[in-house]
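The same chain A turns up in both complexes below, where it pairs with chain B and then with chain C.
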Partner chain A sequence: MKVKVLQWHAVASWTWDAQDETCGICRMAFDGCCPDCKFPGDDCTLIWGACNHAFHLHCILKWVNSQTSIPLCPMCRREWQFKG
Partner chain B sequence: MHLDDADGALDSWARFCSLSGELVGGAGDLSVGPRLAPVVADLCARGLATLVRDYFLHNLEETFRNNAVKMFWQKFHPYCNSSAVERIKFCVQESWPEDVLSIALEDICLEKSYQEKCVLVLVHVLQSYEEKTENKLKTVEFSSSLMPRYQLMVSSVLLTTLPLSFPEILNIYFKKKLEELNTMMDGSDETDLACHELFGRSKVSAWDSKMDIDGQETVISESGNLVRNIGKVVRDLRCLGFTSMTEDSYSSAIIWLLKSKVYELAGDDYRIPVLGRVKKWIQAVPLQFLHSLLAYLGDSVDYESGLSGLKSPLASRPSSFPGIGVPSEALLRWHMRLEYFAYETLQDLRIGKLFEIIVDYPESSPAIEDLKQCLEYTGQHSKLVDSFISSLRYRLLTAGASTNDILHQYVSTIKALRSIDPTGVFLEAVGEPIRDYLRGRKDTIKCIVTMLTDGSGGNTNGSGNAGDNLLEELNRDAENQENADYDDHTNIDEKQAWLNSESWEPDPVEADPLKGSRNRRKIDILGLMVSIIGSKDQLVNEYRVMLAEKLLSKSDFDIDSDIRTLELLKIHFGESSMQKCEIMLNDLIDSKRTNSNIKTSLLRTFETVAGQEETEMSHDVLDATIISSNFWPPIQTEDLAVPASVDQMLSDFAKRFHQIKTPRKLLWKKNLGMVKLELQFEDRNMQFTVVPVHAAIVMRFQEKPSWTSKTLATEIGIPVDSLNRRIGFWTSKGVLTESVGPDADDHIFTVVDSMSDVNKNSIVNESCEAFQMTEDEGESSVASVEEQLKKEMTVYEKFIIGMLTNFGNMTLDKIHNTLKMFCAEPSYDKSLQQLQSFLSGLVSDEKLEMRDGLYLLKK
Partner chain C sequence: MVDVSRVQKELTECNRDSAISGVSIALHDGGSSISHLTGTIAGPQDTPYEGGTFRIDIRLPGGYPFEPPKMQFITKVWHPNISSQNGAICLDILKDQWSPALTLKTALLSLQALLSTPAPDDPQDAVVAQQYLRDKSTFLNTARYWTEAFAKSDSTGMEEKVQKLVEMGFPEDMVRSALLSVNGDENMALEKLCSS
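After this line comes the complex of A and B, so read on.
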């Protein structure tokens, strides 16, 4: 007997693979989305800082923009720089 | 003087006796009159007028009783003396009561009229005596009271000797006659014109009481004759003092006929309106009959003049009597009475069958419309409520009825009663038992959600648009209602407002005053459905689980209908509560895009190294649904080792995904999805669409044709019992056969390569039938709501146990409130019902005990 696969429709879930479960700013799950977004994933991405802390992009941008002096990472208080 | 006087008196008395005897007993000879005069005058002069009168009447009575009455009743003896069975034989005879009755009546009336003449002779004698003497007052009284006394005597003699079954005979007579008239009318019923004509003619003929009817119209003359015959009988009966008995008889006959007509017309067909036809028939047959009868008896004139001051509100109704100018009061009353009776009969008939009517509701709307009109007229709504509730309890709210059927019936009930009573008061009363019952059923939520979203299942009757689900229908309804409301509010000028306020009607008396009447304005079917469940969140949650299930078992990305359903649900439940479902659908759309993206790039990569993997599967066959797991209901994952080739494919796909969507990663849920396979045997090919576990199992048999369940289970990475369960699918399809191996609980499965093998092994197959369970199709990939709840509630278990240790025992309410008060992290947000079901779970796990509504720790 031979088995020929005509179609294999699989199911998978995606994850950001951040070390932490939730965003340190909005306390929402990384695999969810920030409070301002409706859809997770492409619409609400994650960003890592040079200090290796991850946040929702929207959250950290808000934070960075709200800082008057040099923006710091909310977690470790080091200067915030996008990991690039 | 004294003696002389006595002698003279005796002499006169003796002569009077013989003369009166001669008069009364004589065969039509009234010549004794002149001879009687001096004797009576003499007796009266002696003050014996009373004696004269009484003796005379007594004489008449004796004669009447002995001759006429005896004869009269004798005619009916054969019937009265017979048993019930024999009576039926009489009734079957065509001319039975008619002939006997008319002959008997004729005879007795003849006798009576002769006696009346006798009375008149005496009256005459008394009057002439009174003229001579001055003593007017006394004799006038005698002469004028003689006739009424005689009439009274006649009727009392007849009534005292009345056989019990005489009213019955009358009844039969009128029934037969009316039936005859009815069939006559039915013949001419086709042409309405004839009917109207008939009215006109019978009126003319009745007023003339000569009845010269045109010979050309046979129906008219026949019916005229018939009515005239009946009229004669009625008149004779009245003349004998049977007025009320006669009236009773013919009215009960009419009512009986009306009833049978309503039954005949209405029957069990709910697709045609019957009220109009019943009304028309009332006009055509009984009213025409009554009109002719009353006119013939000359009553209608009397009634009209006598009762014109007494105008009933009913009489003010515009009347439509074809051919009759101004209908008499009596006829109008009859009309009202008959119509009311018809309404009531039809209403009772329809109420009795309301359950069936509602079962095929959209088709049976004419019957509902009829019922509505009847109820408006009779106002017996409470009868409807009572009878419908009891038939619901008896026929629908039983363990045997499926929840789906109950729900469908409920929806039909809502729709039907909404048209009968737009205020919804009666619906409230009727709906409550159904709702209560549904709340007790476990699968109610599921059924409601299916009904709302699933088009094909929405209409079990096969009526309407099959593809239409309840939600769409509701949406259409809502739009219509909104439009209507819109009109209501914009076009209000003062005049309109005034008209509106004039047309205001109070709520029916049965309305519950606690609920404001404004709430009743709109009957929202969806709202009613949701309130059965309790809250919309529960419904939404159930919908989410079902949607997840549906989406995960899809093998393509076609979700148009789901999107439409979701949009409709959003309208009703608000966007925010449907957010998660929207994300789920969005995942599917994204997956489709990502899939084609990854596939094209993968194919391009592998084309460059073409030839190398020709024997392997192409990446073309792989599709993946990529979900945002946070927004899906908890998904049941199970370890599964898919065949190496597939595994390779999956990891290629995942790698590619990681490249495209850095830094995101894919986590495969290998047990989920759908696989289309083609099994190629020596002599046949078979195609299957199965879940991955099945595919993984069957693909192992490519490597070697026979596996023991234990080794296969370790290869695939699932427990043995689960494997045994799953593999049943393939044995039932005849792909594998099962045999008991050396170890009792270790089964050996062998692939069946050709059909001849199947036959050979069929006996073995059968013996293992009990082992197979093909429930796999029903296996769900998503944890059910109950399981979810149980998982969520376990957090509170230690709180509850702690509470009970401190307090000893507690009621459900108290536990609920305490949890609400003290559980902050995680905050307690469950409903009372949810808590109850969790606690009963604990009770069945023997952790708790429940006694008299109190929960306590199990010792």
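After this line comes the complex of A and C, so read on.
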């Protein structure tokens, strides 16, 4: 028997590969987006610090930019550095 | 702008287990502003604040949660790190040690911990701190009295009771300690004063 595929309808689901489920800054789900965004995913990405704590990129940028001295990780208070 | 959705989540989360945690938050005076709140803390056990309910004025600055909430005791409290005059609080996480990962609930829990462990070397109220360091028993008595007089709902009218008994001719300090020892019961205090 020979089967010919005429149409293909693929469905995928995605999730961020983070240890927590919510952003420690805005308390929204990582798979959702920060309060300023409307669409999760590429529009509102996650970012990891050297300490391995993850936040919405927009949230941690707001925190880093609001600090006058060396910014610390909101979770562990180590110096905040973006994971290279 | 205050992050409204975060604050709403915080209120729900904090009040869910307030019976266990001993802290709760409500809109200030039942008002409608999400940036003016009132917190309550149950006085910790085995401290002179035990049995009291302490109210905290909470104001959220526009930059919250990137700036710390402004907290101040509404209920008068006798504690080295809290102003006996205006309720101002000396606590690092409400100042330069604030982190946006902290919440109103964790801040109130920190205040509860502060009530349990005063730091007299970094005082907000120098008079209270001096007394704490030099005369601990007077400190404990005063703190207990303030809890009795200001932090208990059934203690309203304490000053009136004191005044009434003083007018009967008893010395004020004896009246206060008598009232304190019987949890503010006027008749029992009178009995105690008469028999001493």
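Operating definition for what follows: the second predicted complex is superposed on the first by the 84 of 84 C-alpha atoms of A that agree within 3 Å, B and C clash if a C-alpha of one lies under 4 Å from a C-alpha of the other, contacts with A are read in each partner's own complex, and residues count from 1 in each chain.
Throughout what follows, a contact is a pair of C-beta atoms (placed from the backbone, for glycine too) under 8 Å apart; a residue touches a chain by one contact, two chains touch by 3 or more.
Please read all numbers here as calculations on a predicted model, not as lab measurements.
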First, second, both or neither for A:K62, with chain B first and chain C second: second
Chain B versus chain C as contact partner of A:R77, first or second or both or neither: second
Touching partner for A:C26 - first (chain B), second (chain C), both, neither: second
Which of chain B and chain C A:Q7 touches, first, second, both or neither: first
Interface residues of chain A shared between complexes with chain B and chain C: none
Of all residues in chain A, those that touch chain C in their complex: 24-28, 35, 59, 62-63, 66, 72, 74-75, 77
Complex interface listing, chain A residues touching chain B: 1-17, 29, 31-32, 38-42, 46, 48
Chain A contact footprint on chain B (complex, rising order): 552, 554-556, 579, 582-583, 586, 590, 617, 621-632, 635, 646, 649-650, 653-654, 657, 661, 663-670, 672-681, 687, 692, 695, 698-699, 701-702, 705, 735, 751, 753, 781
Chain A-touching residues of chain C, taken from the complex the two chains share: 3, 5-6, 9-10, 63, 65-67, 99-101
